[in-house]
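Okay, so here's the structure we're looking at.
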Amino acid sequence: MKNKECVAMLLAGGQGTRLKSLTKQIAKPAVYFGGKYRIIDFPLSNCTNSGIDTVGVLTQYEPLILNDYIGIGDTWDLDRKYGGVSVLPPFMEAEGGGWYTGTANAIYRNLKFLNQYDPEHVLVLSGDHIYKMDYNAMLDYHKGTGADATISVIEVPWVEANRFGIMNTDEEGRITEFDEKPDNPKSNLASMGVYIFRWDVLKQYLLEDAEKENSSHDFGKDIIPSLLYDYKKLMAYTFEGYWKDVGTVDSLWEANMDLLKKDPELDLNDQRWRIYSKNPNQPPQYIAPTAHVRNALINEGCRVYGTVDTSIIFYGVHICESSIVKDSVIMPDVKIGKNVKINRAIVSKGSVIEDGAVIGDPSPDSEITLVADEGSVLAASLATHT
Amino acid sequence: MDRIAGIINLDHEQDMLDELTYFRCGAAVPFGGRYRMIDFAISNMTNSRIESVAVFARRKYRSLMDHLEQGKAWDLDRKRGGLFILPPDWNDPTDISRGDLQHFHNNIDFINRTLADYIVVSGSQHICNINYQDALQEHKNSGADVTVVYKQVKELYPEHQRAHKLDIDANNRVTAIHNDHSSTNVYMDMYIIEKDYLYHLIEKCIAHGCSHFFLDGIKAKLPDIHIHAYEYHGGHALVNSMESYYRNSAKLLDPQEHDELFKDDAPVLTKIKNEAPSSYTATSNVTNTMVANGCVIEGHVEDSILFRGVKIAEGAVIKNSIIMQRCEIDSNAVLENVILDKDCRISTGKTLIGAPEKPYVVAKRRTM
Amino acid sequence: MKNKECVAMLLAGGQGTRLKSLTKQIAKPAVYFGGKYRIIDFPLSNCTNSGIDTVGVLTQYEPLILNDYIGIGDTWDLDRKYGGVSVLPPFMEAEGGGWYTGTANAIYRNLKFLNQYDPEHVLVLSGDHIYKMDYNAMLDYHKGTGADATISVIEVPWVEANRFGIMNTDEEGRITEFDEKPDNPKSNLASMGVYIFRWDVLKQYLLEDAEKENSSHDFGKDIIPSLLYDYKKLMAYTFEGYWKDVGTVDSLWEANMDLLKKDPELDLNDQRWRIYSKNPNQPPQYIAPTAHVRNALINEGCRVYGTVDTSIIFYGVHICESSIVKDSVIMPDVKIGKNVKINRAIVSKGSVIEDGAVIGDPSPDSEITLVADEGSVLAASLATHT
Amino acid sequence: MDRIAGIINLDHEQDMLDELTYFRCGAAVPFGGRYRMIDFAISNMTNSRIESVAVFARRKYRSLMDHLEQGKAWDLDRKRGGLFILPPDWNDPTDISRGDLQHFHNNIDFINRTLADYIVVSGSQHICNINYQDALQEHKNSGADVTVVYKQVKELYPEHQRAHKLDIDANNRVTAIHNDHSSTNVYMDMYIIEKDYLYHLIEKCIAHGCSHFFLDGIKAKLPDIHIHAYEYHGGHALVNSMESYYRNSAKLLDPQEHDELFKDDAPVLTKIKNEAPSSYTATSNVTNTMVANGCVIEGHVEDSILFRGVKIAEGAVIKNSIIMQRCEIDSNAVLENVILDKDCRISTGKTLIGAPEKPYVVAKRRTM
């Protein structure tokens, strides 16, 4: 069988505790975004749009939900005979087995999977970010520079640089130093958590790292520093465009609100770079005679009889008469009764909001309210910040 | 569960939707914001656990093929059974079959090879949500040779004039099939028949030079054969003219009519397009409207249906209209009682107003 | 989403140590059979031919190979949007995780998988047998009798009954007693390891069994006896046809040789009950001017210049001039040099047999020779029994 | 890697294979024991990492559609790109295009929508195993407007008479395209062209009323446009007549010719049929023969090709013959220099003998 030029490994293990109850039952990459998507739709769609047709999804936590969502991969055109998408949970082996102990360990434990395809390069992705990126252009750069590894970076404001992993480079873009959250950053080029490695190089370092007892088996903490120490050629590839970590409730809300800006930086209607997502196959949305809708994204299967203002409404949401949804994100299949007021909130999938409930704090700088576990019923009397 | 195979016979369906059927057959006409007419017929079959469906296509079937692909949207892209789109391409000089019997004859392998014992044949013009397994149970209990499906309508509309109506006795046995206005039992162009009996009737029809299987092979045989009538109680629309297309589209804006067609446990499936959610800007004003995904609405829309990817600029006013896929309406344009086919563009300030009983129709890809 | 009437769970965990080095790198269900197939093709094809479109494959050992072989399930028409085939290796959970400790434990650990489909019945299969069976007919019987569980049985010769799990039944076919390898069998109805359970009943017993400390969590040893003890309705469904356990080298060889009999009991050419198998997509076989072929099954991609007599030849095998293959099974991609003699042997995939090698013992009652690990090279001088 | 889209243009291919093309186009004719002619053209494209392929079909394309399905066998059943079978079904009264320009014109969306920068156009009659990425590299290096592919044959056989030949200068630039016997550089009906340039040429051809894109749009433009010649060195067969079909089939029995077409790293893919391995009984006697799966052979076969599921009874003798799918040869029948199309049955004791230069051909489903 032919080998693959580049295989992607998507680290989808994070439990995302900062997302609170949103990730109680689902892994972070499965969290909803943008009225229709899950976070993982972005890296997977990027792969298929970049012509990368072989993706391993490394998942630590509740593999069944991601397994079920990813299915045979047809959503992202990754239902390929040879290659395609494979979910790789921690598994048992003849010599034992167990949890992935770090990002590098997760790849190390799936050496056999990678060896099947005998790739020349391996693309390592994380499942925590919203962005559209042509990995193929990055691969061309990686091959063109003859790098052992290439790390995608983005310019961040200097004042925020101390929150990121910062790459210091020479004038050719070769990485000379890696500063994890530096107090005095020498550069504002932050790592996006997107790496391309030559497979032969990565394999060698993974094997060596696995032997090290005091290693945390992490790309950022162990593998990249080892490569730098050995003067391997690490190049920085500068990405320009929208890129957002949605690791907290606030940042998730913000990223959603970014879509409602005029001419949003992240264009979801681009026919040449579609973001694929599992389709719930529901009828078109219905906006009733009593409805008022402004500044909103609304998905299929919704029925709106009330007011929606500056909000994101996922599929299958019903909003009854005289209710107001403002500055909020309403996840799939939420049923909102009459005379409900929702402000600056994220309402989880399948929640039922009973008549007259008041949720969230309308004042501009207030904390974002996160409503409840999936499928909970929120009576008017119980509606408070959770 | 009994195994049923399905045939969607488009052979005698006339393409009466004016501009909408210049380039496509009626079964391929967009309907209901994101569907094509044929989606209802196919979804009815797959929701009834029919896993093998043949489509007898005759004319203008290209967009039908593009839409149906290999049946993936209905999980019909299978090794065993699946979806078979069968355009006319027969080259047998000894073939004496005519009319839709050409289809039955040249595609007899479909009937021969299926493991099903029963065949459901339907058209594409009766929009409904029917479970054929229920109809089959009644068919088997009745002991009939053929079971036809009908809807008792409250009132005969123009589209029902052209449809066949049924006279039925107390045991739901069909006593006559006619075009009279005396009966409101509208035959829905659907019948259930045992495979072997269908095979037998086809052979007979061909030998006798018939050209219309239902009229010559079934209707004409009354009262010699036992035809049972199965009553369908759900939502129903017959679309066989521009006027009925327009009026029945508007019916979808009635929540009750809507719910009778679209059900969670028997969904209407269609090809996936991967559009983003629809976007409403600060200037948008939308009421009593069905909106498919991928739209960007800055203007005023009421009592209308917007298909996928429609763009309506600020200041534009749309009333009682059906705007199909990827149309763009520029600022301050006014559309009332209008149907725009796909990919039309209406420029700034343009006003188009049709009559409620005769909408103004614009063929696809027009810029005005 | 609609529920599924019946979901199949295929126990593919066995390492099959009695098959010696054939199962050194692959699970027993992945072992080759019949010139083209792997053992697991039979139960999977039976499922799809029986209209059962949702199958969980429980695998303990080296999941990657089965994962790779099963892929998206398109081989068996099981690449369904909802349902289809899922490989279920032992996985890690928030509360721990680990190896499946028994056949019942394997199902118990995948309760969530089953609950997704909310089935009325669960079909439990094993991956060790060669047979063609309409599970739908068995399901009809199971539903018709209103049984809590139905066990498929086959009549075995009385003298061999002490080697099987024997079902004693009343005149209606209700199972009154289960004798594992009885010294004095009261019946010759042997369990085929094919069960159908009502899911509500099975679930209850699995939950109870999981709590029992001294249980071996096995269907035959624990679940079935518990059901019998509680007077649950267990019915025996009698199967007629070819059924063969291929758990040893001898029985695997025999089952292959059965295919060469005149009008073999197991018809692989039946168009209405196809056995699906992953296709290597090779050109048609070529039988050269120097070849002699009699009483053989030969697959695509083979090139035969020598003599093949009463043998099964898998795809991609080359047999050079003046070599003789007799009473043997040659697995895929084996290359056989010139002047080689092979008698009563099974040669593993990818082996290379060098010119002049002599393998196996032609005398009729001799032990079957198993040649070597996958991909080994056998020089003439080394050719002995292994 | 550069992105290429593929077009398989069957528009001007004549169906010259007598009985074998009564009911199917040449591209759908079975070849080589388990393939159809078109499998080679499609596999060449997918092996060159072309992920978007259009097939311009004109006549008798039904069995082609059955065979290709949605391209699953080639992993071309994709959301983006994939396989498009495009039979003629155009209904635009304003369309002035003619000949194969009708295909280019009415399917211009395929060219518009592809993300590829280059288009490879091929027919189905040149059986070969070519990598278009290599050809594209040479095309780019040469700076040519169009690159055509040719094979230098050792000797001109009858099938080469009808093919175009190329005159080439020292830089591999084409100086003439003709039907002369003076050149052995056989043009393989394959060319590579930049997408935008193709688009430009199509528009020009239509405006000038041309009806054959290659002859009118490319060949006639010599020497004004730069046409580069790419030499293909591998196995090659041109099948455009019954005689060439028969002779080139026999060539597959030569191990060297065989290996030049069938390569592990560039396999010829075809629709999967799930046949069992072929079965040879104690009475079988087979030599120098290609045997597809699912055959049951009890008789004598030499110097022949057996397709899938052929049954040859005891005592039957087959020589120098091609027996297609599911044929059954009863005991003691004798066939020599015979081609049986699919599903034929030759009854006990029957003898059919053709000439080596003109095989005896039996159309499909015949019982003799």
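Order of writing sets the chain letters: A, B, C and D. Residues in each chain are counted from 1.
One rule holds in what follows: a residue touches a chain if its C-beta (ideal position, glycine included) is under 8 Å from a C-beta of that chain, and two chains touch if they have at least 3 such contacts.
Here the structure is a predicted model, which is why all the values come from computation and not from measurement.
A.B. asks: Could you find the chain whose CA centre sits the greatest distance from that of chain B?
C.D. replies: Taking each chain's C-alpha mean as its centre, the farthest from chain B is C.
A.B. asks: Going by the touch criterion at the top, tell me which pair is linked by more C-beta contacts: A-D or A-B.
C.D. replies: A-B
A.B. asks: Chain A to chain D: how many Å between their CA centres?
C.D. replies: Once rounded, the distance between the two centres reads 46 Å.
A.B. asks: Averaging only over C-alpha atoms, locate the centres of chain C and chain D and give their separation in whole Å.
C.D. replies: Result: the chain centres lie 40 Å from each other.
A.B. asks: Would you mind listing the residues of chain C that make contact with two or more other chains?
C.D. replies: Where chain C meets two or more other chains at a single residue, that happens at 74, 81, 276.
A.B. asks: Would you pick out the residues of chain B that each touch at least 2 other chains?
C.D. replies: 72, 79, 274, in rising order.
A.B. asks: Give every residue of chain D touching chain B within the complex, in rising order.
C.D. replies: Interface residues on chain D, with respect to chain B: 22-23, 60-62, 69-70, 72, 77, 79, 87, 89-92, 274.
A.B. asks: Within the complex, which stretch of chain A touches chain C?
C.D. replies: 60-64, 67-68, 71-74, 79, 81, 84, 86, 89-92, 94, 97-99, 112-113, 116
A.B. asks: With touch defined as at the start, can you tell me which chain C residues reach chain B in the complex?
C.D. replies: Touching chain B: residues 2, 48, 74, 77, 80-82, 272, 276 of chain C.
A.B. asks: Going by the contact rule at the top, pick out the chain B residues touching chain C in the complex.
C.D. replies: Going through chain B, the ones touching chain C are 75, 78-80, 115, 265.
A.B. asks: Considering the complex alone, what residue numbers of chain C touch chain D?
C.D. replies: Interface residues on chain C, with respect to chain D: 34-36, 74, 262, 268-269, 274-277, 279, 281-291, 293-300, 303, 308, 312-314.
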